[in-house]
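See the structures that follow.
Shared chain: chain A. Partners: chain B in the first complex, chain C in the second.
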Partner chain A sequence: MNNKVRKRKYSLRQRTIAKIVIALVLLLIMVVSSLLIGPDRLGVNLDLRNQSPSLDFLFGTDWLGRDMLARTLKGLVLSLGVGVLAAFASTCIALLLSLVAAWSSWTDRLVSWLIDLFLSVPHLVTLILISFTVGGGFKGVVIGLSLTHWPSLTRVLRAELLQIKQAEYIQVSKRLGKTRGWIARHHYLPHLMPQLLIGFTLLFPHAILHEAAVTFLGFGLSAEQPAIGVILSESMNYLTTGMWWLAFFPGLSLVCMVALFDLLGQSVRKMIDPYHAMK
Partner chain B sequence: MSEFMFHSNLNNQNNLIKNKLQLKSRGETVLQAREISYRYGTGSWIMEDVNLGVKPGEVVGLTGKSGAGKTTLAKIIAGYLKPNHGRVTIDGYLLQEKNAPHPVQLVWQHPEKVINPRWRMEKTLLEGGTYTDELLQDLEIKKDWLRRWPSELSGGELQRICLARALGASPGYLIADEMTTMLDAITQAQIWHTVLHMVEKKNIGVLAISHDNALLNRVSDRMVDFSMIRDKYETKK
Partner chain C sequence: MSKRKIVFLVFMLASIVMVGCSNSDNAKANNEDERDDQLVLAVGGEPDEGFDPTTGWGRYGSPLFQSTLLKRDNDLSIVEDLAKDYKVSDNGLVWTVTIRDDVQFSDGEPLTAEDVVFTFETAAKSQSVIDLTNVETIEQMDQYTVQFTLEQPQSTFVSLLVTTGIVPKHAYNDQYREQPVGSGPYQLVQWDKGQQLMVEANPYYYGDTPSFKRLTFLFLSEESALAAAQAGDVDVVSVPATYANQTIDGMDLAAVQSVDNRGIMFPYVQTGEETEEGHPIGHDVTADRAIRQAINLAIDREALVEGVLEGHGTPAYTVADGLPWWNADTVIEDADPEEATAILNEAGWFKGEQGIFEKDGLKAAFTLHYPTGDRIRQSLAMAVASQLQPFGMDIRTEGKSWSELETLMYSNPVMMGWGSHDPIEIYNLFSSETRGEGYYNANYYSNETVDHYLQQAMHATSQEEANQYWQQAQWDGETGHSAKGDAPWAWLVNLDHLYYIREGLNIGEQKVQPHGHGWPITDFITNWHWTDERED
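Let's look at the complex of A and B:
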């Protein structure tokens, strides 16, 4: 009868640990190698222009003879930094707003309204607006990403808090004379911790993709920074001349990194919160 | 007050009235629920004009059928619910303290619901304030339980922790809502022995709620039948 249940060779826990290890190793390789890459490897070398991928230049070179592998690595690390910063800030905003929502019924209405407001407009539009208003560049992108990626996580956290707020042990805690701040710190925060972790890991790849998107559109990081978005938008001009490697490898590595962290977040969520899989 | 006289169980009611009169005349500190009426939402009234008083150092037994509203009354007195009418006072003062332990502590029927499952027992104990080794000994709480998670203790063991937590907040009054129903006779006796000891030592007033009349007869100074104080309106018709 149970033919449809697929038997897996490795358990969810093993697979998750494997994903964590792979992600960490790749991260380490990326960060270390980008630290080892000096300015000379990023420099212009007009003798070696438009080289297709070879053993010397794994990702080829561009129209100024710059090594695409070095640029891609630098770009990935830059994206990583933006992603970590923005995801962390977004998670903090989500936590803060969900606690505010738990304060009273009118703050809850206010926060719900804010969530609906931000979710009703496409991410990218608000992101471009905010990033542009703040003045673009690294700062603009990070602020824009942080201010646009909190709503979905806030909604999850708010729902969790609504549930736990009614729990008897919270009521008892209040009658034992505990303040709201104390309850938030000792009851709410440990309860939200798994959701925060999952939220952070899932926000992170999302933020990276949006960073690349907004940079690609020209509203993000400035052109002299070797961001993936910059590389992709510049290479658009050269794709028609057959230099496919300019966009292929940077794009592929970006997708790989994002997919890896997304998978990681999903399986961590499945492990910590198995009921979510049924939703 | 005179409506009470119509009840068949005159003995209990007379006791209650006598007690109240005595309390009034002496001017002692006393926990009083006065003319409490309550209903959930717009449903039918669960209780109307209920009066109940507990003196310090006194154990009052409250009996009644399942679903009669005993726990609801307990929640109202301990400040978990706001009554639609009436008020709960100690020594004539309304209980409105914020950010300080409520002077009436409730020990719940289901201990596993009132303990944070993510905390070790020691933190749960400390939530009430402090605890002394003596109290732990009296309640037969073993020291190594404090390092455990709630899921690693039985209901009875958790209930003892809950009781210790409530007593740690040094309340003036304790409401024991089916506190020992899930325990075996020996443990039940032990716990009540401790509670009665505390009642004497710290002059705590206790409202013991149960449908186990035999137990209440043993531990309480006087008994109140909840259906008698609740159904005033029905009997008046």
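Let's look at the complex of A and C:
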């Protein structure tokens, strides 16, 4: 049909850049506004408890009169922090393991075996196990997330390396007597950079959702921290009394933030690696 | 997703919702027909240990399947139940109990003094919460007379006679906790662990015949209990304060006053010592009496009752508010920051830069711990911290598991809860003998004068005399363990126990309930009945 090839006002590239900018701006607004919230906004105010959403309290207040908008924003930024740390650590692990895999055939088998091992158990189970063993809290969640989210990215990186190992310029380097370390630094690493960056942004939403899940189940961040998981699990007790706003807005905000990151990741991928992204 | 798919999905969802609604309507209709001599209750409190009184069943409220020698009446005075009479010797050591001769267990066998002796001997051997270490001998004098000889006079021994249900010697075995036989108003029909308990009236019961032949106790979570009540599936349901402003068709809210209290336990001594297990003891800030008294005065207890308990509670001043051994002089005028400031200034505490009291570089700051998962205690802790912040104390709140609290409670203020019909609780909480023993005196409180009164109360031979000493231990005009004296605790609130009860069901007058929700309400179950105004 002719409709399909109708001319668009902006090119794909322009639209992609616009998406990236919008996502970044929204995330920036979120972080900045949460930094502006002082501790007094998070405090208990028994006179104003159980308020449904209004112009004064856009997200309503909870049973202790705490402003849900302030708590949600704080929680999102807390989740963001956990996500950044955990995704970064996971990416580092993935990079390290994929380089190890490229070393020789037996290290490759070892890494593949590790990947299969971690993928054979559901994320959440390993996550609970690790974060509980390490002692819970912020530290426990970050360590747990980092140690569970690397396998899928490692698998991608390993496949990529297997491919370029056979490439002519690598073979030439080898014949010229370059060490494996030199090749890894000068050839492998630059080649993997785009994959790494995209892997990082795509790991991010995963990490955040799993943080919320593990906290919701009570194995993650402690009850004082206004994490989204804490907010959601507390609100469960009040849903039967009709206080829907306690779960609705924080949950929706979490989904929005995760969707924004996903959009960001996909768009960046389109920019850096158009061949794979458009497949 | 295409538009057609979305429409289909919405249609499916709508039809599921409709089917769900009509189902619950049917259930309601069925229930109304057969509810005349049956009740369904969701009051929680399924006992993990089963229904064996020798290991602790029935300590709160009535044991239901068994009956006790004595019992506490509506006004908490002690009246006879199985016993016809009881006497205490002048030195307080020998307790002689004569029991009724017309009592039969639910299997038709007669209840004699032999069963009473057997019950207490089994309880003494069970190593359970029932403390019979002070009992030297339990003897059967004749078929209906039992004599207890104590090592030390103990006025609170009477509480053991009130709370321990008598088990039959002939029918007691390893399975007893799951298949109890007793002389109480009801006998067990079926117990599906984790789900429900079904009981029916005991035909051999010697007291008033209950109006309800069958009772079903459902063990539900708080949310599902409320949902079941809204669906009309239960007749009595216990709810936490957060659900108390609901309206449920056909049910009324009943608030029963309790001594189920919540309060902050302050470490009483300076830091430095350790417990035998190596946990630190003491806190330098709360070791100062001025701090503890100031907190007691600065807190607005009414606001806590209104704000946290939605009005369903009363301000608490001691561990035993409203009980016969409570000293009414312990009530203080709180929400008084001026007076609190005066006390602090006198003791050398003055406001520093951030508006926080300081003394010799020490800030009036501490972490208030509460057990995680307990919403009332969490809310109370946060509300107290926010009340004391503008007053000039920097309090952080932190939730911990009970096993963590067991290591922290000696050196940190903790949000605790007590409340019992047995005054021995006062002894356990405030005697220097019990320092560091379990959860009781974990703040290492000790005061010689208080110890003296507590000893005299334990050694008293009559309840009236004992009550007098219990009261003096709280406040004798100069010292005591209440907020006017040493203030080792800041008692905050007594929770009302809340129940939604089917319209027309009269549960009679309830006595002030102890710590522990649920079973106390079945205490007077033989008096429950439908009132005539009920439309059929």
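Just so we're on the same page, the second predicted complex is superposed on the first by the 256 of 279 C-alpha atoms of A that agree within 3 Å, B and C clash if a C-alpha of one lies under 4 Å from a C-alpha of the other, contacts with A are read in each partner's own complex, and residues count from 1 in each chain.
The working rule: a residue touches a chain if its C-beta (ideal position, glycine included) is under 8 Å from a C-beta of that chain, and two chains touch if they have at least 3 such contacts.
These numbers were taken from a predicted model, which means no experiment stands behind them.
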First, second, both or neither for A:176, with chain B first and chain C second: first
Superposition-derived comparison: chain B or chain C, residues of chain A touched: C
Which of chain B and chain C A:187 touches, first, second, both or neither: first
Touching partner for A:240 - first (chain B), second (chain C), both, neither: second
First, second, both or neither for A:49, with chain B first and chain C second: second
Partner chain in contact with A:64 - chain B first, chain C second, else both or neither: second
Shared contact residues on chain A - chain B and chain C: none
Chain C-touching residues of chain A, taken from the complex the two chains share: 43-47, 49, 63-65, 218, 222-224, 234, 236-241
Chain B to chain A touching residues, read off their complex: 78-80, 97, 99-102, 105-106, 108, 110, 113-116, 118-119, 123, 127-129, 165, 169
Partner chain A, residues of chain C touching it in the complex: 222-223, 226-227, 242-243, 245-246, 303, 306-308, 372-373, 375, 378-379, 382-383, 385-386, 389, 397-399
Contact set on chain A toward chain B in their complex: 167-169, 171-173, 175-179, 186-187, 190-191
